[in-house]
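Each of the next two complexes has chain A plus one other chain: chain B in the first, chain C in the second.
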Partner chain A sequence: MKFKNDDNNQIRDRVGLGWRRELALGILSHLDRIDVVEVIADDLFDAPRGERRALRTLSAQTAVVLHGVSLGLASSVPVETKLLEKTARLCEEVTPDYWSEHLAFVRGGGVEIGHLTAPPRTDATIEGASANLELARKVVGSAPLVENIATLIDPPGSDYDEIDWVNRIIYSAPCDLLLDLHNLHANATNFGYDAMEFLIGLPAERITAVHLAGGKWVEALGERRLLDDHLHDVPDAIYKLLSELAAMAPHSLTVVLERDGAYPPIEVLLRQLDRAREALAEGRSRRFELIEKEAA
Partner chain B sequence: MNPFDLRGPEFLLFYFLFSLAVIIAIFVLRRRAESADAPRIDLGDPYLIAYLRGGADEALRVAVISLVDRGLLVMEGDLIRRADEVTSGMAKNQIEYEILKRFGDPGEEASVFDASAVLRDSNLKTALHPYQDKLERAGLMPDAATRTARLNRLLFGLAVLGVVGVVKIQIGLSLGRPVSILVVMMIAAMIIAAAISFPRLTARGEATLEDVTNLYAGLRTQVNSMSPGSATAELAMVAAVFGVGALAATPFAYADDLFRRARTNHSWFSSGSSGSSCGSSGSSCGSSGSSCGSSGSSCSSSGSSCGSSGSSCGSSGSSSSCGSSGGGSSCGSSGCGGCGSS
Partner chain C sequence: MSASRLEAFLAKIYVDENSRERFLADPRGEAAKAGLSEPEIEALEKIDRAGLILTAQSLQKKRQRLTGK
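Moving on, here comes the complex of A and B:
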């Protein structure tokens, strides 16, 4: 495995939590253990000015990143400029370290689906995503990190595997990847491929951020599926993937734990952050050993 | 045109507008001088937040509530005493330590309403001092330099108002005209200028308080699902951010009752230095910040409108599987349904 000539000391992985109002006290009381906070951008698009400004106070305490859910970038339908402008305004106000969105579509033919949906993996959606990402970069001023999504069904009409499709998009667009390891794990579990192979197949140098989450088993379409619901603890398999990623990535990673409900005591979430740190450290240690071996 | 040549009613109109301009200038210049980017402070410390919102009185209130909830202080009717077998050493910090000490040689009850004595307690004062220092260093409360700048601004404004008014009064007197309305206007303008010159918080402090209220908006709804003794940190922060009044009609209503009685019957906090009556109201004070210090009475009734915006999607952004799970029915119970997902 080839590595860039990075300096071990320059790698500063960050681990943090998704900002949820229910977690506000837990987060603000433990900023010594939380390096970064991820805020859902869409919640703030039409929020009163005071709520948006409060984010500046939050960003004075810790690093803040913005995460969007409604742009629908991975679509042959052009992204709505209005939403991009709102994103741009928010980015200007909050000055996040980065902003991110999903490789999903959320509307079509004027109909809002209300969910992140996996599009058919075709040349059309690759080209559409690429064009949308370029437009996003122009309007917002910076390109988003794009996130792989989980799906319970293989998108019909697809010409590519998920990994080919994702790689084609990030190679054709000016953006890096926010790798959701639980989405990866859930898809791999549901569609019978190896998550580790998928991970190794991604360009590590383009993975900048990571999402961790948990899920549960459900019955869907007569089959047992792993649902990425963000309501459960992060399973062990995710930490293994994270460790592997840390062994591959030549730069610092920002890792965010997403929890959207059934909130446990903050200590439980902090322990998961600690485990993420341990996984990162373990992976980094392997990476540095390998670099040293290669150098020798 | 020389304004001193204006006739009486016309000059009064001129002086009114002139006073207004001076007062606005004092206000704007102060806000401009005291505004800055959000500071880095410990937003997880309820006593610091309480001190920011309502001063020493509020920090004490929150500490008492916190200690009661943890069972270190016991309420018996109108009285509070240190619980049996509790020692000051069980306190988490200096302010709690001093309160525990204050409320109790074991077995001896001390009236919670005797707060004026509490505030005169030099040990308590010492315990509270670091909060004031932190807030001043962060530019959220006026430090000596800021207070001097405020005073200079006010003195300049008063001088301008005074010179213009006095010159015209002299002219009026020399011509045998009535000047009483002008005198009243001049005094009123000076009083208003003085009143707006020394708010308890800086503009940066007011903005930060409003931001804190927004960041903790979710706590207002959470407090109803908490039970006494199980979530002291949350309880303390609700009281700190929104005031004890925000605990009315919650499982912690005793706290509001306690301090309401204190406000009504005694001088618990009336001897405090700042905005105290506002502190326990929790209503619009929390979000307005600046009004607390100067307009306490308007905040005296407990309320609940503080900055709760409740965008339920704040807790969303979840499961991307929702998208392909057949209309998201599987997400319905988990709350990710209508808010998009990540």
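Moving on, here comes the complex of A and C:
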């Protein structure tokens, strides 16, 4: 494997945690072990001024990134400008290192789905996503990182595999990828493809951030699927993927652990951050060895 | 144009139980009624039924968690 634009001395991977009210005390007490905090943008769109001020205070103490969940960018329908304007105001106020959103649709025909859903993987949603991302860049002032989502259903009416669809979007838009490794793992498990091959098929130079999470098995009509629920610990397979990604990525990665409930003691989450650091270090070490070997 | 109709149709069957039941009983009829194209109707006839049920359940739980209901 050939690596370009390498400057090993400049690689500084960061590992952090998603901000949740229930974890606030634990996060604030352990900022020495948390390099970055990811805040859900939508929680703050209409938050009282005090809460937004608290976020500014937090961003003075540690790196903060914003993560959106309601834009519905991967849709043939144009994104709502008022949501982009709210994102723009928040970015202006908080000055995050970056902001991110999902390759998902969240509403259609006046129906609010209430969560992230995989759209049909077609030229129409690729073109729609591309146009929406361009509009997002214009209104917010910077392009978001875009995140692959987990799905329990193979989206009906699709013409592309997930990897082709994701690659076509990121090559047609000015956006890098926030790669959710548990979403990748869950989709690969549920729809019978190899997660590692999927990872290798992505442009490593376009992956700048990573999500880690856990999930559980669910069942219907005698079929089992892996649900990405953010309520369980990160499984071993995800650290393996992270290590592989670190061996591929030519620049620093920001890695965020997402936990949305069934909160364990903060020490349990911090140990998962440590495991992520170990996986990154292992991958980086393999990468540097390979580069040295090629240079020799 | 039909792409947005397909997204609207999916949103409805993911979220609304009655629409989903009607669709599962007669996929072609319900999809045709929504004005979808023939390839879209054919795709919906072959829908991943387990995936549809699990998606609907998961979305309902997430909405309940958000609204506390």
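By definition in this document, the second predicted complex is superposed on the first by the 292 of 296 C-alpha atoms of A that agree within 3 Å, B and C clash if a C-alpha of one lies under 4 Å from a C-alpha of the other, contacts with A are read in each partner's own complex, and residues count from 1 in each chain.
Criterion: contacts are C-beta pairs under 8 Å (C-beta built on N, C-alpha and C of every residue); 3 or more make two chains touch, one makes a residue touch a chain.
It should be emphasised that the depicted structure is a prediction, and the values quoted were computed from it without experimental measurement.
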Touched partner set for A:261, first chain B, second chain C, both or neither: both
Partner chain(s) touched by A:271 [first = chain B, second = chain C, both, neither]: neither
First (chain B), second (chain C), both or neither touched by A:120: second
Which of chain B and chain C A:149 touches, first, second, both or neither: first
Touching partner for A:89 - first (chain B), second (chain C), both, neither: neither
Chain B versus chain C as contact partner of A:286, first or second or both or neither: neither
Touched partner set for A:48, first chain B, second chain C, both or neither: first
Between chain B and chain C, more extensive residue contact with chain A: B
Touching partner for A:137 - first (chain B), second (chain C), both, neither: neither
Touching partner for A:58 - first (chain B), second (chain C), both, neither: first
Overlap of chain C and chain B interfaces on chain A (superposed complexes): 113-115, 117, 151-153, 155, 218, 220-221, 225, 227, 261
Complex contact set, residues of chain A against chain B: 18-22, 24-25, 28-31, 40, 42-43, 47-48, 50-51, 53-54, 56-61, 67, 69-70, 102, 104, 106, 113-118, 147, 149-153, 155, 180, 183, 186, 211, 213, 215, 218, 220-221, 225, 227-231, 258, 260-262
Chain C residues within the chain A interface of the complex: 3-12, 14-16, 39-40, 43-44, 46-55, 57-59, 62-63, 65-66
Residues on chain B engaged by chain A in the complex (per definition of touch): 37-41, 43-44, 207-208, 210-212, 214-219, 222, 233-234, 237, 287, 307, 309, 311, 313-328, 330-331, 334-342
Complex contact set, residues of chain A against chain C: 75-77, 105, 107-115, 117, 119-120, 122, 124-125, 128, 151-158, 190, 218-223, 225, 227, 261
